[in-house]
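Letters A, B, C, D and E name the chains as they come in the text, with residue numbers starting at 1 for each one.
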Amino acid sequence: EPLNLAVASNFAAPMQAIIKGFEEKTGQQVRMSLGASGKFVAQIHHGAPFDIFFSADQAKPLALLEAGYGASDTVKTYAIGSLALWSANPDTDVRQQLQQASFRKLALANPKLAPYGSAAVSVLQQLNLVDATQSKWVQGENIAQTFQFVQSGNAELGFVALSQLIGKAQNARNLWIIPTNLYPAIRQDRVVLKKSAQKPAVKAFLDYLQQAQPRQIITKHGYALPEEVKNAL
Amino acid sequence: MTKIELDLDLPLGGSFRLVVASQLPGRGITGIFGHSGSGKTTLLRFIAGLQPCKGATLIVGGQPWQSGKQCLAPHKRSVGYVFQEASLFPHLSAKGNLDYASKRAWPGSSPLKRDIIELLGIGSLLNRYPHQLSGGERQRVAIARALLINPSILLMDEPLAALDEARKQEILPYLQTLAAHIAIPMLYVTHSVSELSRLADSVLILDKGRVKAQGDITQVSEMLGLSDPLHPFSILPAQVSEVHPHWKLVCVKSHKASLWLPDTGLAVKTKVRLIVQAKDVSLSISAHQDSSILNIVPARVDDIHSQTDGMLVKLHSEAGPLWAKISLRSAEHLQLHSGQALYAQIKSMALSQ
Amino acid sequence: MPFNPEDMGAIWLTLKLASVVTLILLIISTPLAWWLSQTRSWIKGPITVIVALPLVLPPTVIGFYLLMLMGPNGPVGQFTQAAGIGLLPFTFWGLVVGSVCYSLPFVVQPLYNAMSAVGARPLEVAATLRAGPWERFFTVVLPLCKTGFLTAAVLGFAHTVGEFGVVLMIGGNIPQETRLVSVQIYDHVEALNYSQAHWLSATMLVFSFVVLLALYSLTAAKKSVGGQHDKD
Amino acid sequence: MTKIELDLDLPLGGSFRLVVASQLPGRGITGIFGHSGSGKTTLLRFIAGLQPCKGATLIVGGQPWQSGKQCLAPHKRSVGYVFQEASLFPHLSAKGNLDYASKRAWPGSSPLKRDIIELLGIGSLLNRYPHQLSGGERQRVAIARALLINPSILLMDEPLAALDEARKQEILPYLQTLAAHIAIPMLYVTHSVSELSRLADSVLILDKGRVKAQGDITQVSEMLGLSDPLHPFSILPAQVSEVHPHWKLVCVKSHKASLWLPDTGLAVKTKVRLIVQAKDVSLSISAHQDSSILNIVPARVDDIHSQTDGMLVKLHSEAGPLWAKISLRSAEHLQLHSGQALYAQIKSMALSQ
Amino acid sequence: MPFNPEDMGAIWLTLKLASVVTLILLIISTPLAWWLSQTRSWIKGPITVIVALPLVLPPTVIGFYLLMLMGPNGPVGQFTQAAGIGLLPFTFWGLVVGSVCYSLPFVVQPLYNAMSAVGARPLEVAATLRAGPWERFFTVVLPLCKTGFLTAAVLGFAHTVGEFGVVLMIGGNIPQETRLVSVQIYDHVEALNYSQAHWLSATMLVFSFVVLLALYSLTAAKKSVGGQHDKD
């Protein structure tokens, strides 16, 4: 019986690599469903056959736990996202443009739906730029759309996930990795669903996540690990 | 015998109402006659079950097709219907249209498909689609289709209106034979008095939705003959008494007189109906021997009507009652008066049966 | 760029779904459209509108409501469980139900229009030629509505292939089972695998173009006469 | 004068080809005559611009409507077209259909809308939609519509086929007057010889897509008169010489003879055309004085044809060439032979003009 | 539960968009459908299929491609900039363009079918009654295709109201400008604000039902005769 994972879209790439390693190692088949976290919650409420839910935030696993769908003591942060301000034009100085509000559109994820969005709003609040920029915001439903707004040049700059820029050559002008003190950590939590709590495959996968190889994959994709953040603080 | 008993009262959209309570004969051809808009099509549609009518009664050959609310569905009524417009299926070729009928033909002996196609002259058109046919060609295919369903009543709504005279002359006798031999009744809507008098055994005359007259064609012939007052005619029932192949004539006995008419292959004893147009009857005081007019019948003047364009003379002739239309000048010249004895002359070639 | 096995699975699943859904849609819509085209009842208007109504909600939201209905606590779910079918969401047949609901108007409407245009006369003629209601339908209405059926099938098929909001919601994006090409392309785009997305999109476009064109030519090749009732 | 010059070679779907190179007169009524499928409708469609034909020429009143590839669009051709099927707009009421035409009428003096509606008897139907009209009613609305566009040519494709005799008798003279007074040419397709001979000044006979004969009706009358070999007729051009209101007769001069016919309000000097059915002509050796037959004309036997149903006698009469159809028996009785002098008797009431 | 001002703004914007898009769709589709119904050219088939083709791609993906095309580096974007219109994404008119592209087939197809069903005869009659091509179109084709136009308008309107994949992608969810009800409902569902979502969905359904039914009754009220070319 395959292991069914529901994974927030932004974590697709690292999870794919992790699953590959896991399957090779254990022979256990894994099926990954990608999607928006909110959708997974609705689906889990209505009998979706998932075993573990890797959310894009902390609120949703908690809500599932409270609604009685999550197994107690299985909520745990599996990765921490990093926010970046980015422009597709290599000649743009993103920090300067943000300060002067001299752009047409600023892309960010919808703060109601995506933690990257609320993080971006916090950054703007910290920098006192909300009023100056709000009329120029364009919001993506998720961080992927936000990235596309910027990448297609329709928004001159935007708050994207650092993980989205991994492997793409950048310079110091058009990319600003936002200091973590400007926004609350974007902790992405997972939860095991109650009906799957006893499955050996679930346990095996959670164990595997603790190993070095998957942890390396996560950091390589631009995420931090909870322990490392703690260390950094 | 497929007698048709009808009783309906059918209002159509406010201003028109068709009221018919009648019995139509179960064999032969019944002509339905009436002005444009008098309800002929509506009557045929009711009989076919296409025009619903609350509370009507329709009994065909003893079988109730409708009685009050119980109504036999149209496809369970054994009718062949030639619509006033040809109404071929546009998605089928002429052949497809015919096959549609022959595949579903009612059981029983039926005329040969090949014969029907030949008679109607549509053999070369079979692969064409309706939009590739001329008006008359479409109508002929529609007639063939209605015959091929092998119905027990034929409903024909001006089937020959789109056809040329020659074609009509070919099809008319065929329909006549069909009605006589297969013994299915035929309701035949037409505007043509000559078609009517030639074909119909019995007639139903509609006027503004009401039955104006009905009965055997000889019974209604006076009304029918006067239905177009300017072109009156008389109908004489007759029986063939002799056949003269040499002269290509037959001699028929009508009332007390013998009349000659063209031989169209009639056998002795056959009953025929002669239509004598009033304008074809001339009058003479003496009986002329040196003219080409074969039929010279002693007669007595019964009545004289003055019309806008001449005199209409009602005659008691030895051949039966006859109308003669003559000019006022001739009437004066002959000093015509009621009771006068004279001779009615009828060209045999002007006689049709 | 060759496809990965997941893509292949998604393509196969999509074709299967689109074919099944189109078939079911035609089967459901034909009587519905026929009834709408023939009835004089006052409920004709409301029913027509109700058929089109799901369109005004975003597909994901429709999916959400379908999920509630078909879930273990929903009335449909209770029924399917009682009937021994089990639960529909997250199964192929769940996708079928969802797609059928959502694409229904695109199939009913062209059929309804085509059927209304047939008019009474050909049916009357067929009735006098001894064809009962069913026969009339199959021998007259169907052939005269060929163009309408073609349109209905094309719209139904294409819309099912492309639709993903409903399918994502009630399907759960499970590989081999409910992951369709549309979802797969969406995933590729979301995961920023653009070249993969382009490739799959182009394939879908070319493939659908060929399928639809073939369907179209096939229908148009036979004498197309529907609607042209008479020429002089 | 709106003379119509035509030159076309039009293949239709493989088996049919219409070839006409001809000039049609620019005033009066030209009858288009021919069997079903002979190309009459196709010809009318070509003239109206509805049937394209490569490389054809069509010049109407000096204006080129088509010359080779240059082709005037149908809506720029001033035609009124009554289609073989009524073809009313289904989305417009009868009134809407009429208004469609009258709103777009070509400039120039035109008959009054009110008069047209009254003549065609459609005043009470104006609010109905086409599907609420009977076949004849639809056709009448279509005729009215074609008249209301006030065209400079009228194309009529069997416009009266769906109408009853009485209605025809009302409309025919109107069309005649129209053609004469407004001086627009009319191409009139019909299967009815009597309509044709009554209405048409000139005739075009089509046969399988070719022109079989064409010309003034008297020129083609022999062919026309024999077009249905079983019902031949002759056409005599004549001129009214006297009017006798008392007798309701007029006297017309045809060739050397004077003939009497019913007075239909003709004035002295009016030119008329008499249609004499062969079956209405009887022969006698002597001139009878005591019969109602007013027209007794000296004649000489020119030729005798034997037919299946009698003898067809070609006469040189003082009134002009005449056909007489008599039985073989009469022929033997009168010892008929070529060159024989005798009298042709024609009932005046049988004469129509 | 009353609406918050954001919801009200979204409702208003949605109606505006759906009306504008439906109007533009009808204006574009009418000549296109007419051409398709009249032409005998071989490209009729391919064009018909191409019109339906966008359907096979998921709306979000269409939106993605539109974003690229209309962006500063895309050909359309370069053109609009050169033409002084500026860039279309994240503007109301960008949504209009996107919705028009995506809903086109639902409007073209019913019109095409209705127009094909008119047949040649009524047009021929109109031509002999001195009506030029335009006049023929307006006085004969339009009234005879009323049902087709109704269907087209209903499908186009409903689909624009409900569509959100394309709109999500090129709209940017800007209040008062590109934040539509569909997006709003979607957001509520995603954010697990279910009661808010139910409320808004119900409103949209009821409202659309009323609008569509009114549209429907209005058209049906006038003597509906299209298609029934003759009765005996």
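Here is the rule we go by: contacts are C-beta pairs under 8 Å (C-beta built on N, C-alpha and C of every residue); 3 or more make two chains touch, one makes a residue touch a chain.
Keep in mind that what you see is a predicted model, and the values were worked out from it rather than measured.
Asks: Among the remaining chains, which ones contact both chain C and chain D?
Replies: Where chain C and chain D share a partner, that partner set is B, E.
Asks: If I average the CA coordinates per chain, which chain comes out farthest from chain D?
Replies: Greatest centre separation from chain D goes to chain A.
Asks: If you average the Cα atoms per chain, which one ends up farthest from chain B?
Replies: Result for the farthest chain: A.
Asks: Quick check: how many Å separate the C-alpha centres of chain C and chain E?
Replies: 19
Asks: Hey, how far is the Cα centre of chain B from the one of chain C, in Å?
Replies: The mean C-alpha positions of chain B and chain C differ by 56 Å.
Asks: Per the centroid of Cα atoms for each chain, what is the distance between chain A and chain E, given in Å?
Replies: Result: the chain centres lie 36 Å from each other.
Asks: Would you pick out the residues of chain A that each touch at least 2 other chains?
Replies: Correct list: 39, 42, 145, 148.
Asks: For chain C, give me the residues that contact two or more of the other chains.
Replies: 60, 64, 121, 189, 226, 228-232 - these are the residues of chain C that touch more than one other chain.
Asks: Quick check: what residues of chain B touch more than one other chain, meaning two or more?
Replies: 41, 83-85, 87, 132, 135, 157
Asks: Looking at the complex, which residues from chain D come into contact with chain B?
Replies: 12-13, 15, 34-37, 40-41, 84-85, 124, 128, 132-137, 140, 157-158, 161-167, 169, 191-193, 228, 230-231, 244, 246-249, 260, 262-264, 278-280, 282-286, 288, 290-294, 308-310, 324-334, 345, 347-350
Asks: Residue numbers of chain D touching chain E in their complex, please.
Replies: 48-50, 73-75, 77-81, 83, 85-87, 89-92, 100-101, 104-106, 129-132, 135, 145-146, 149
Asks: Could you list, by residue number, the parts of chain E that touch chain D in their complex?
Replies: Going by the criterion above, the answer is residues 121-122, 124-133, 135-136, 139-140, 143-144, 146, 223, 225-226, 228-232.
Asks: Residue numbers of chain C touching chain A in their complex, please.
Replies: Those in contact with chain A are residues 60, 64, 67-68, 70-74, 77, 87, 89-90, 168-169, 172-176, 179, 187, 189-192.
Asks: If you look only at chain A, which of its residues touch chain C in the complex?
Replies: Chain A residues touching chain C: 4, 6, 9, 12-13, 31-35, 39, 42-43, 45-50, 142, 144-145, 147-148, 164.
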